[in-house]
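In the two assemblies presented below, subunit A is common to both, partnered first by subunit B and then by subunit C.
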Partner chain A sequence: MTQLSDIKIKDIDVLVIGGGTAGPMAAISAKEKDPNASVMLLEKANVKRSGAISMGMDGLNNAVIPGHATPEQYTKEITIANDGIVLQKGVLEYAERSFGMIQKLDNWGVYFQKDETGEYDVKKVHHLGTYVLPMPEGHNIKKILYRRLRRNRVVVENRYQAIRLLKDDDGAVSGCIALATRDAEVIVIRAKAVVLCTGAAGRIGLPASGYLYGTYENPTNCGDGHSMAYHVGAELSGLECYQINPLLKDYNGPACAYVTGPLGGYTANANGDRFIECDYWSGQMMMEFYNELQSGNGPVFLKLDHLAEETIEEIEQVLHTNERPSRGRFHDGRGNNYRTKMVEMHISEIGFCAGHSASGVWVNEKGETTVSGLYGAGDMASIPHSYMLGAFVYGEICGQNAVEFAKNRSLPALDDSFILSQKERILAPLQREDGIPPHQFEYKLRRLVNDYLQPPKITKKMDIGLQRLKDMERDIEFLYARDPHELLRANEAQHVLDCALMAAQASMYRQESRWGLYHHFVDHPETNNEDWFCHVQLYKDDNDQMACKKRPVDPYVIELDEEEKTAYQKMRIQKVS
Partner chain B sequence: MPTANQITTVPVVVDNDKCIADKGCRTCIDVCPLDVLWIDEKTGKAHMRYDECWYCMPCEADCPTDAVTVNIPYLLR
Partner chain C sequence: MTEYSDPLLASIAERLQDSDPGIRRVAVMDLVDSVDEDGVNLLLQALSDEDDLVRLEAARVIDEFDPADMMEALVDALNAADRNVRNAAAKALADLKDPDAAPALIAALKSDDAFVLASILRSLKQLCIKDARPYAIELLGHEDPGVRREAVGVLGYLQEIENLPQLKAVAKADADAEVRRSAVGALVYAAPEKVADTLISAISDDHWQVRCEAIRSLGRLKVYDARSALIDAINDKRWQVQEKAAEAIGMVGAVEGIPALGACIDNPISNLRKTAVAALGELAHEDGLPYIRRALEDNDPDVRKLARWALERSAPQGTKTN
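Then we have the complex of A and B:
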């Protein structure tokens, strides 16, 4: 039996978990606020090239820039796009800090598109306001963040998977247990405050191709943070509001709204006709997409073949060099050419992501979760539609607040027996001589998610799905890993299972339909504001069971006009073509 | 539960003539977010050990000798 003295323990003031987008900003902001504090950035991959923006980004999807949009207008737009279920204070806080963050990044050398007069060249994509700012040179963003991490002397630890959060006797978070992914060493990082920035839970559903790693999200983002937050006792919110995106068929790159939309491209049906009013990603838009796929007019296509040669070249320049540069290769292999034919599109697998929808670990406008000392930013936290700029803004908020929290706290005590039992649990697959390989376990689990959990949601199917997933919990003791890399996958797969169970539980709890396709519940087809105008919070109850409860929506700080409320429900083009 | 060995075609190809891993280079291995590139013990060069690729391309973009080619995984091609 190992003892605690065999385990390496590192002490730090602020621990940031996940070095993609929000994480580096959180770590840098904590150091900028208090240069004497010790700050560690723990990353499963390598911060140089990790996360959703590993190769760069095509643009800001939600920039609130004076002269083009106001924070109030943006807050309204996001409230409406989310059918009213939002913490408006959280959205407004983002919107008010959005322009400051753009200026900060601009000062750091991130290049945003400007027009002839030197003003930001903002484009209209959303239904009501104007918020999209292209970044044709978006590929240097990780380098710039990395330089700032170095300059601020943030301690960077690459190739560690955080697996469980620790807490002290008062219930405050006290660090994490992590696994070195190349040599399977289990270590403890004791911290006075922790910021979770682990990104979306992108490996819940299975892409239609059947390739486990062909997900929309960077597959390192498998829901570790969601699972860790759940197990330490934090509430998660809106998990029934799945992330589902319109993508190219078999290729996980986004296509339409933000890059091609402003240049005249659009989503069309098999006849080449437009059928949605607004390509901005929302549940209602996805519902129309789904309806068209099911109808005789499907499948759905990205239509660019009507555009001028220069425009297509401009689109290719952005789409094939920045965030998903393998896209050109995919098209070449299929003989696709934007000039001559429309490109088939499809619906992505389901996931949790506040960056694009509203599902995640609950945080308030200070980035605080419901567990003391634990903060959350970016795709894994619940501030809706936050995208890249939201990850930066909440990274900054969390970094500043976490370092403040840490200042007033001494190093917490550690729970030895918990740490030792977790170490044993984490390493168990490596001790076995045979058993279930992680990829097989994960394939089955995600196939079940597609069969039973993906919309349209049906009670009977959800019941079966939940039962089958619970049966899979019994397979965990047979997971088998031959090397440290497979051990990483075995631990990830267990978090994917947690996320799938959470998706099912939250979906069954909300007995209405809302957010278009995201929560299209066939047994309860109507939106029921009387009973369900609330957040659904998922948490671990006193008996260690998954439970849900309602949380009232906080009074709005910005009221909506009557006709604005339904703006996103009128997505289908009315005219008969 | 007994197991079997199954093979799979992998999307990333390293040109052994160009790869300078024997001179200490580990760039592609360092940057891969999925940690699927390792040193092949037989050749001493980088290779794709696990078929778990997001075809995101930092490995190819950052390789100092242009030794890496990222293809689209067969299932999606």
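Then we have the complex of A and C:
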């Protein structure tokens, strides 16, 4: 029998889990605020190559720059885009810190597009304000973050997968249990404060391409943080507001209409015509996209073939060099050339992502979850439509607040029996002689998600889906891993299962339709503000069961006028009469 | 040999002493994974390795390290015999937004390598250093267009009135279109009356991107005297130029441009129809109403949306709801 003395324990003041966008910023910000604090950045792969950010970034979608947009205007716009269900204080906090963060990154060496006189070259893409700031050399951003991690002497631990969070007798978080992905050593990291920055849950559904890891999101983002937060007792919010995004058909990345839009490209139907009425990146826009795909006018395309040679070269430079080098090769392989052919698009599988919709671990404007000492930032946390800059801003907020929290706390006590039982649970697939390989388990699970959970949501299908997913919990004890890498996959698959169950539970709970395609509930086709103008919080109840409850929307800090309040409804398609 | 406490750095330091250049090269590749700042010393050592491939590898990883920690070495490296090292150093220096680097950067402008010169100018540009002015003005006459383009950048970022004559001359007469375009774009820092003539004549430039930039600048500066030139430009043979002209007509408030904008409402390029109807909305004039009403029936939803918006703004009181 293992004893706690056999397990390596590392003590640290602030533990940051996830080395993508928000995580490095949280770690750097914690050290900048208190250079004497010990700060560890834990990453299951390698900080140099992890997260959505390392799949390429070409610009900021939501830069709030004086002279182009105001924080109030931005907050209104996100409130509308989210059909009113927002924690406005959280959005406003982002908006007010947005420009400061741009200047900070600029100062660190990130290139933002400027005009010939050195002013930011902001592009108008959205309805009310002007928020798009291209970042022509976005591929450098990871290197720049890494330089800052070095300069601030952050402890970087690569290839450790965090699996369960720990808490003390008072219910405050006290660190995590992690698995070394190369040798399957289970360790404990005891921390006074923890910042979760594990990204979107982008591996819940199966992509239309059929590739298990060909997801819209970086496939490593499989909901580790969502699952850990749930099990430690934190509330999650808006999980029924799925993330579904437009993408290039069969290519695991976005179409980047934001890059091509200011240059004259657009999303078109098979006739080469625009069809999207909605001005907001929202579920309403995705509904229009989905309807066009289903109608006789589909499929949908990215249209660039009307642009000038010089413009196409510029787009290729940004999209194929910065965004994703594989994209150019993908087009070559298909014989696609922007000059001569429209490029087929499709919609992504479902996921949770606060960067694009609103689903995630609940946090307030201080980055605090509902568990003491536990913070959350980036795509995983519930601040809606944050995108990359929001991840940086909330990374900074969480890093600063976590290091302050840690300062007032002594080293927490550890729960020995919990740690020992978890170690046994985590390693079990490696001890078995035979069983279900993790990728088979995951394929089956994600196929169920596509078959039963993706919109249009139907009670009968959801019931079946939920039952089948619960049945799969019984398969866990048959999971079999041949080596530490497969063990990592087995753990990830269990996190995916948690996320799938959460998606189904939250969707069933909200008995109305809202956010266009994201929560298109066939049995409750209307939006019902009387009963459902609220957040849906999902949590683990006293009997360790998954439960949901309503949380009222906090009073707005920025009031909307009557016309703005109904703007979301007006986004419905208005065809020529 | 320096002792390194970090085990990875200690191992790299040892391998960099190996007689086999292949082993030294792989050691350099491992440098990127080190989180220890002292790794920079080993990088500097590798930059002056006797083997070409080792130096190339070292040049490749320069931007993984904080340029502030190796500024002197980077400036030295600008004169390295190896072109790869020179280029990588110049690029890293461009990332360094540190005014303390300016004297060294200016001193290095003696280089006769065009790429290096352009990189130094690019990094000086971001620093907005007044001392760079005379060098930038001199380099406006350099034979390499890349150097001239960055010299324009330095002057544009400085936003000084006294540099306008030089920038205007470049905008008019430089042989390279991208250099002319950048100069035309830089002129927006001036008062409109000081640059209007140059911008208006740039509407007739041979290259469409220069024409677009000139029209964009005229719109941003709201040069009212450019009305007739902008209205002419709406007949440009490139729709991209037509689109910019339509937008600028709205921005400068040229009501006499309404018929020209109206003619765009039937253009097959939807981007042009969209911009034209938006410009009619900006002008908010009754004369635009017939065109706006036609655009309400467009098959493109963006055109229809903007037409509804334009109608709201243009219709006389009491007739808005139709």
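Everything that follows uses one rule, which is that the second predicted complex is superposed on the first by the 558 of 577 C-alpha atoms of A that agree within 3 Å, B and C clash if a C-alpha of one lies under 4 Å from a C-alpha of the other, contacts with A are read in each partner's own complex, and residues count from 1 in each chain.
By definition in this document, a residue touches a chain if its C-beta (ideal position, glycine included) is under 8 Å from a C-beta of that chain, and two chains touch if they have at least 3 such contacts.
Given the structure is predicted, the values throughout are model-derived calculations rather than measurements.
Legend: residue contacts after superposition of the two complexes on their common chain; A:H485 is shown touching subunit B, with no touch to subunit C. In the superposition on chain A, contact of A:K48 is made with both subunit B and subunit C. In the superposed model, A:I347 makes contact with neither subunit B nor subunit C.
Contacts of A:R147 after superposition on the shared chain: subunit C is touched, whereas subunit B is not.
In the superposed model, A:M25 makes contact with neither subunit B nor subunit C. In the superposition on chain A, A:G210 makes contact with subunit B only, while subunit C stays out of contact range.
Of the two partner chains placed by superposition, only subunit C is touched by A:D279; subunit B is not. According to the touch criterion, the shared surface of subunit A, contacted by subunit B in one complex and subunit C in the other, consists of residues 46, 48. On the subunit C side of its complex with subunit A, the touching residues are 32-37, 39, 63-67, 95-97, 125-126, 128, 152-153, 156-157, 159, 182-183, 185-186, 188-189, 208-209, 238, 240, 243, 269-271, 297-302, 304-305.
Against subunit C, in their complex, subunit A makes its touches with residues 46, 48, 106-107, 109, 115-118, 140, 143-144, 146-147, 149-151, 153-156, 264, 266, 273-277, 279, 306, 308, 310-311, 574, 576. Partner subunit B is touched in their complex by these residues of subunit A: 45-46, 48-51, 54-55, 159, 181-182, 209-215, 218-220, 250-252, 324-326, 329-330, 333-334, 434-437, 439, 478, 480, 485, 488-489.
Put simply, subunit B touches subunit A in their complex at residues 1-3, 30-35, 49-50, 52-58, 61-62, 70-73, 75-77.
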